[in-house]
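These notes open a run of structures that come right after.
Both of the next two complexes hold subunit A, though its partner changes from subunit B to subunit C.
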Partner chain A sequence: MELTIKYFGMISELTSCEEEKILFEQTTISELLKDLFKKYPDLKNKDFRIAQDRKLVSLDSLISGQELALLPPFAGG
Partner chain B sequence: MDRYHRHIILSEIGQIGQDKLNRSKVLVVGAGGLGCPILQYLTAAGVGTIGIMDFDVVDVSNLQRQVLYGTSSLGMNKAEAAKQRLSDLNPTIEIHVYTEGLLPTNAFSVFSKYDIIVDGTDNFGSRYLINDAAVLTDKPVVYGAIYKFEGQIAVFNYQNGPTYRCLFPNPPKDDQVPNCAEVGVLGVLPGIIGSMQANEVLKIILGFNSVCSGKMLCYSAQSGETTFIELPRSETDIKKIKSNPDILSNTNYDIDCSLNNDEISFEALSDLDNIQFLDVRELQERPIIEMDNCIQIPLAQLTEESHRIDSTKKTIVFCQSGIRSLKAIEILKALKITNCKSLKHGVLEFKDQLKNTF
Partner chain C sequence: MERTLKNVFVKGPISSAFIGNSIAKHQSKTTIGAHNIFLGQVRADVINEKTVTAIDYSAYEDMANEKFHEIREDAFKKFNLTCMHIYHSSGRVNVGEICLFVFVSSPRRKEVFKALEYIVERIKVDVPVFGKEIFEDTSHQWKTNT
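The block that comes next holds the complex of A and B.
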């Protein structure tokens, strides 16, 4: 299955891209994250929430959509 | 009322809407990059009572984006300087300034005087403090935050909608998310995001049903792309605050270096003009730092010799490791010398760079 992952803010600096398509076999978001952590080890130390098809979801949610977004908190003002 | 004519002739606002604006009370926390456009548009729109909270002073590096200030405001408290400009823009409204900034000790009493709280702060500590105080006083929060070229906007705690903690339940683990002073920001970005926040405030006051509640708008100034993310309300995260009315006094909101505005990193120094260094180590301590714009007053003598400090300049205080210099900042503040920062980690880490750069 193919999934688009969008990276925001400082996460996109870490991944060096704002968006990528990945092939996946996992069923939950936390399982998919394990693979992302292998690809981007520093991601493990970052805080972010995940949106699936533009809706905030928990890590134990099943992957059912077409798009995930990794949203870090911003402090700046 | 010629001043508000362009509002009144809009059928969606009219005289009734304009009267609502004139009767409303809005508190803007932070008069920096976001606060400036927020304040400018709310004042121009005729919001009747505006509160401005900021403890910080105007620095030359602010002028790239904090459009209420000019060269003549340098060194002034931001809330005071903003009031000066805004009173000229619209003398018919009431403006209150809180130069001590937002604190766990004043959040309740100040929030309770306003209808809407606008978050224009630049650090996580203040953002969580605003959230918790707003949940407990039942006020909507118009949130905006920026990072380099990207911004987030949302209205929290509005008509049973989600709160900031429903999105980010807890502050980041450590100092992993730096603020504008440390990372830089496209000057126009807070102008865009702050203007969007002002728009949300007006929509709430005017009773429009299109308020950005239950969702967050993410904006990229590079791509121009906007993404709405739907945010569900998390009863668990809200209950944690509501069931703990003493949370403000028993929570440590001093959670990131950017909240500890007394400190500055070495990297951020190069952006500053008109600075002087103050070495508060004992005279015999090594390494000796020889720079033209550096004076040496050991911590113990600071009070009696404070007249040697040039108060027209920003003072960067340093010691060996950054601990005594923080104490020095406290002493200087008590002496009403507020335009000063402590060099984070002290001189040992930066001695060679200091000599080469300044």
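The block that comes next holds the complex of A and C.
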């Protein structure tokens, strides 16, 4: 299955891209993250939350959406 | 009443002319007895002896606009408001310039004091906006809301 992953703020500096499409077989977000940590080892030390189809989700959530986003701490206002 | 999803983001700083025009537009709405306005301004913080000169804002705009919409709907439910406007900058905003403009109006003053604080606090916590603080020497760090 194909999924778009979006990166923002300091996370996009670390990945050197703002989004990428990946093929995945994992069922949960935490499993998918293990692969991302292999690709981007420094990601492990970063503070971020995950949104699936524009809603915040927990790590044990099932991947059911089209779009994931890795969101570093918010700084609006 | 369901309101349609608006784009809250404006490119660059929010000008005082824009803010003045927004106020002027409300003169025809004569049930309003009280306005309240919050203006967020970029501060020249000194961090490790380096001074911030600007913040470069980026956002997960699709999710952010949905969150702004949720906040707007919740505020209309909670408070007796006639209207509400929210604008947030994207891109570079220099120190001293305005990056957030929240404008609430009601028949009565007590509602707008409560509503404005509620809306601004929700924006700080719930909306995926990111701020790159740029220093004089062009180095940067990422801002975090406290």
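In this section, the second predicted complex is superposed on the first by the 73 of 77 C-alpha atoms of A that agree within 3 Å, B and C clash if a C-alpha of one lies under 4 Å from a C-alpha of the other, contacts with A are read in each partner's own complex, and residues count from 1 in each chain.
In this section, contacts are C-beta pairs under 8 Å (C-beta built on N, C-alpha and C of every residue); 3 or more make two chains touch, one makes a residue touch a chain.
Here the structure is a predicted model, which means the values were calculated and not measured.
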Check the residue A:Pro72 against both partner chains and state whether it touches subunit B (first), subunit C (second), both, or neither. both
Going by the touch definition up top, name the partner, subunit B or subunit C, that contacts more of subunit A. B
Under the stated touch criterion, which partner chain does A:Arg54 make contact with: subunit B (first), subunit C (second), both, or neither? both
Would you tell me the residues on subunit A in contact with subunit B in one complex that are also in contact with subunit C in the other? 6, 8-10, 51, 54-55, 69, 71-77
Per the touch rule, the subunit C residues reaching subunit A in their complex are 40, 55, 57-60, 62-64, 66, 88, 99-100, 120, 123-132, 142-145
Spell out the part of subunit A that touches subunit C in their complex, as residue ranges. 6, 8-10, 51, 54-55, 69, 71-77
Touching residues (chain side subunit B, partner subunit A) in the complex: 30, 32-35, 119-124, 127, 144-148, 150-152, 167-168, 172-173, 176-180, 183, 185, 190, 216, 218, 223, 227-232, 256, 258
Residues on subunit A engaged by subunit B in the complex (per definition of touch): 6, 8-10, 18, 45-47, 49, 51, 54-56, 69, 71-77
